[in-house]
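The data blocks that follow each hold one structure.
Two complexes are shown next, each including subunit A; its partner changes from subunit B in the first to subunit C in the second.
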Partner chain A sequence: MVKAEEKVLSVEEPREISSGWEPNILAFACHYCAFAAADLAGVMRLSYPPTVKVIRLPCTGKLDYIHILHAFERGVDGAFVAG
Partner chain B sequence: MIIGKQKPFEEIWDMIKNFKKVLVFGCNTCVAICHAGGGKEAEILASMLRMRASLEGVEIEVKHAAIERHCEPEFFEPVMDNVRTSDMVLSLACGVGVNFLSERIGNIPVYPGINTEFYGAVPKAGIFTELCAGCGDCILHLTGGICPIARCAKSLMNGPCGGTNNGKCEISQDVDCAWYLILERMKKLGILEKMFEIQPLRDWSTGMYGGPRRIILDHIEEVEAQEERKGS
Partner chain C sequence: MNEKISSIKKGSVLVVGGGIGGMQAALDLADSEFKVHMVQKDPSIGGTMVMLDKTFPTGDCSMCMISPKMVEVGRHLNIDIHLLAEVVSVEGEPGDFKVKIKIAPRYVAPDKCTGCGDCETKCPKKVSSEFEQGLSVRKAIYSLFPQAVPNTRVIDKDNCLYFKKGRCRLCEKACKAGAINYKDKGKEIELHVGAIILCPGLDRYDAKVRGEFGLGRWKNVVTAIQFERILSASGPYKGEIKRPIDGRHPKRVAWIQCVGSRDSHNANPWCSSVCCMYATKQAIIAREHDSEIEPTIFFMEMRSFGKDFDKYVERAKTEYGVRYKRAMISAVREEPGTGDLLLRYAAEDGKLIDEIFDLVVLSVGLEPHKDSVEFAKTFGIETNSYRFAKTFPLKPVQTTRKGIYVTGTYHGPKDIPETVMQGSAVAGEVMALLGEARGTETVAKEFPPEKDLTGEEPRIGVLVCHCGTNIASTVEVEKVVETVKDLPGVVYATNTLYACSQDSQEMLKKIVREMNLNRVVVASCTPRTHEPLFQETIRDAGLNKYLFDLADIREQCSWCHMGHKEEATKKAIKIVKMAIAKARLLEPLKTDTVEVTPAAMVIGGGIAGMTTALSLADQGFHVSIVEREKELGGLLRNLYRTLEGNDVQEFLKARIEQVLSHERIRVYSDAEVKKTGGFVGNFETTLTNGNVIKHGVIVLATGGVEYQPTEYFYNESDRVITQRELEEKLVSGENPRSGEQYVMIQCVGSREEPNQYCSRICCLDAIKNAVTLKEKNPKAQIFILYRDIRTYGLREDYYRKARDIGVFFVRYEVDKKPVVEKIGDKLGIKTRDYMLNKELILNADWLVLSTGLRPHPKTETVGEMYKVTRNPDGYFLEAHVKLRPVDFPGEGIFVAGLAHAPKNLDETISQALAAAGRAGVVLSKENLAVSGIVAKHRKDLCMSCLSCFRVCPFDSPYIDEEGKVAHNEIKCHGCGICAGICPAKAFQVNSFRDDQILAMIDAAVECEPVIK
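And then the complex of A and B:
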């Protein structure tokens, strides 16, 4: 029997990246720290790519595996958890 | 409680990959406590299987659900119609649940998503230890409350064997010698002399070696029968 990890790793083999491709990133941010920092960044007119979407959580302790899995199922390329 | 462990993902994928409508069906009692087969695990596994299916380019509808117990019929009744809309059920219940549902579901296969391991306790979050083997003739009163059948590698009735090594079993330095634990416990209880009573040959047929077991409580069965007669 093939071990799960081995097969999953082979699925993750790096693929060719077409030019102009930008990863879709979902950021889960805690209301009290990281989200406030993102707000501050806005106030300071700092910009970040439009492919980053921020979801505010009451606390990153609220984040469960399933939320990240749902994000991947819907096609995000990376999840960023800040809190 | 019953302790289980999720099967390797690849083995699960092989079981489901040729079906079109799969239900990952969790049980929210024992196997949920050991993080193997509760509703939460069912949801996570269903999501991973959907992703695998899309990576493989195959269309499989994978849903998830969970009920409180897979070993008593009344918990199934409200959900059975829904369960039957799948063409395969990947059960995350223990083996009891897989057997029980298989007998009731009709022509839909029910496959096991977990390996049912043992009867155990949870000494600390995330640690599960085997403490009883369900032998059908308990002798814990003779052994200071520590089970040599489940916890001694040889299920010795008159231990320890010559392999006992500073409190550890000869099979591994990570395994306590059950008979060492028994001896220490009996010392504490002030009944060490019991250790030296020779236990006679044991009748193992009270356990699983005697064939499948069944317990019938006549008084309860009779009440049920009366209720049924009243109802009809």
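And then the complex of A and C:
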């Protein structure tokens, strides 16, 4: 039997980050505020890394743990919830 | 019904002004089957509110609130917007006015312009931006602000190089839609309307007149509206707080209050009502932006009289360290070479103090438009001596000409919720005036039958937009089309110059039919503005409108990643793939409708309830008033005169008479609500007397009560009375003797924990009674001991009058309240006079307590019955403090009067009319449409754990006959909080289902290299 702590440690082992690597980030945004803010950022020509993509929700209250876990499972590097 | 009248009256309304008040009136009217013509002199709608960064006292973003409203107005089938337009003449009478309107040339064809902005980029001429208050520049072809509705550009002829020098025409070359038309001559149109609503908005005081403050001379002196733009994330400094002179972050920032207000010399004598609060808000927001900032507000009197305003000011002091200094600034001088500003003021002890600040904000007041007198002449209405529209305290939104109404700051200085409230109030008045003409001029869109998709595999069509060069210059549009055209489910993909143009809509319909598409994805701009347009187009082609998804590759891609063509193209491809992944799983959604019982129930028979009832009954609906007491009238029975001198009892008597004799109003007195069930459009209520009422809406007008003081020997001495008791004495003919001394103490039971709010009426009550006493006997001595005199708006006149006729005003601090002792027949009152800086001992014959208001004790049980929340003070909490001041989050329930917050009679009447306007919108519909985007509940998965029950803001889950959770989709707004919390996943939101979101996540990550 492997102790629970050891299991956790092996998952958390840090990896090398290659230069030029950009994290793949998914943003979950409320239609009424954060999604509107993302629009405004465009209108004002503010720039941010193109690896950020937005998923629109009717309200951030709609967000489910499963969405975030699924995203990490599929390899996103960060989830940004805004609303 | 009088057939003759119904045949004469027009079913359309003219709204003059496109600010928030006009927009509210227009939406309420158009939503209840009236045709609306909105006339706006600017190139787009929005008014003053769009210039504000945040709003008090909630700190909500102003643009985020108003922007959806602007889109709604802009897209409404029954609202025609006439821009750059002015009314030149009005003839006719209520029910049938003939109006001539002059429309100035725009030089850009609105039907061709897509708002892409390519012309603006190419225009070489820079002009100081009016919208940014001169802090940045715009082009000679421009739209007023980034979120403008419509965002059709306009050419500023006075600055355009082509118009001035005959050369340039770069915008014409840049415009691929061919929308530029230098030969535009403008036009004049004529309209026939049933009623007219005036909401031309405001001007701000020109602070340059007050040379001592240095505006325009010292660069670091800015006006409050300039500071709003400085704070705004979309403003000239992108929300960074900087000094105009050197771009340095200021540390010491001062606000100077009452610039141009409460001053008869070269300024306006009235109080502008909003400056104390906006300065407090600006100080708080500034601190939030930059914690180094030390804000100081120099004020004369803190007029935070509105709902939850005092609490906001307290928070500014305690949590944000805002320093409030009671002082008048005599001059602002610049320290040579530094740009710093020296302010000189007298401290409370009279000593002169010089203090240095990095930035000074002038809290400039509000005033009517410069052309307001001319404007009034055009419409044939009278103005008051201050150039505001003349109205009457008991008819607050009617002008002197019948059929013409006023809302917003043309009525007097006021804040956003009061403007919105008046917007709904005028809508209510117009509905009552034109009730029978409802629906005579509106149009409804006809659609072909919907295609049945049963058994069909997804056949997705993808349209990728260039948006002129807006998308195409950063994203390789052809590459996007090429990459997605062979994805599973996609049967057709193409690109287009402007997806939103009229010819593209026709093309889209053709493709849907020819390619037998059953789902459509458009990759262009934001769904927030453009989704409804494309949904309508595919509906026109026979598809259910929910078989559509919009991929935002402009605002959220090309505009943010300029100069990174490769990455931007990659991202655009991904965004489109995500939309396609979702589109595969889209299903046609049914939008149900429910029938509406065209009747209202009003709880509370005070003036608010009666006013709402009368307006709704005049609109043609049946109304039941439920009053727990035997008589109608509520608190108003104790009031005899308004500040302005109107006879309240006579007015009340007439109102009660009208209510009792109205054929469509039934009064249930001595009764209370025992039980209410149902939902918007279909309520059923059982009263304690056994009556059962069916109704479509509920208005809560449960009123308030007067605070019964325990302080200052009230109940112990008959020489200690309340303002109300004094008023009664004065009305019954009692006259003060010469030399008789009356001492009034303000804020008794208000503005102190646990009642940390202003009761709003007491300052005016005190001044009203003081003036009456003085008028009855000028030799009576009157002292008003106050904390801040809050004669807001045009009521300031009465404060000035009271001082002029010799009423003494002595300020006290809350920690040094007046001390009262009984001395024989008299009362000794000790208080500190801060002007003299001495203890003052008064020997009063009468001590008059200005007692505040409390919510009615019944508010609690009524609140529980209808599941409406209350604020910490026990007043009902409206759906939105700024934009939905008479609504509750639950549909079909409205609030009016003191149950909402303390207010004066004219404000109560306005709010009651507003409730009638809002309720009229619901009742005018035969059927209510339920949105397709709602949460779907699966009973077979549900464990009835009640999680949804606790979190739903709209009260839509309920317990059914079997004792299990069921879901009322009519109440549902589709927020999906239930779906997020439900452990059994028994809730799924249409078009935002978990499988759809997970599919989007999968599409977003599929090509990313996974680090092993």
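Operating definition for what follows: the second predicted complex is superposed on the first by the 75 of 83 C-alpha atoms of A that agree within 3 Å, B and C clash if a C-alpha of one lies under 4 Å from a C-alpha of the other, contacts with A are read in each partner's own complex, and residues count from 1 in each chain.
Heads up, the rule we're going with is that a residue touches a chain if its C-beta (ideal position, glycine included) is under 8 Å from a C-beta of that chain, and two chains touch if they have at least 3 such contacts.
Every value quoted in this text rests on a predicted model; they were computed, and no experiment measured them.
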Exercise. Pick one for A:Arg15: touches subunit B only (first), subunit C only (second), both, or neither.
Key: second
Exercise. Examine A:His70 and indicate which partner it touches, taking first as subunit B and second as subunit C; both and neither are also allowed.
Key: both
Self-check item: Partner chain(s) touched by A:Ala36 [first = subunit B, second = subunit C, both, neither]
Solution: second
Quiz item: First (subunit B), second (subunit C), both or neither: which does A:Asn24 touch?
Solution: second
Exercise. Tell me which of subunit B and subunit C touches more residues of subunit A.
Key: C
Quiz item: Taking the superposition as given, does A:Met44 touch the first partner, subunit B, the second, subunit C, both, or neither?
Solution: second
Quiz prompt | Common interface positions of subunit A, toward subunit B and toward subunit C | solution = 64, 66, 70
Quiz item: What residues of subunit A sit close enough to touch subunit C in their complex?
Solution: 15, 24, 26, 31-33, 35-48, 50-51, 53-59, 61-64, 66-67, 70-71, 74-76
Quiz item: Within the complex, which stretch of subunit B touches subunit A?
Solution: 8-11, 40, 43-44, 47-48, 50-52, 54-55
Practice problem: Over in the complex, which subunit A residues touch subunit B? Could you list them? | Solution: 1-4, 7-8, 11, 64-66, 69-70, 72-73
Exercise. State the interface residues of subunit C toward subunit A in the complex, per the touch definition above.
Key: 61, 63-64, 67-68, 146-147, 233-234, 238, 526-528, 552, 554-562, 564, 567-568, 570-571, 574-575, 578, 933, 951, 974-977, 979-981, 989, 992, 994, 997-998, 1000-1002, 1004-1005, 1008, 1010-1011
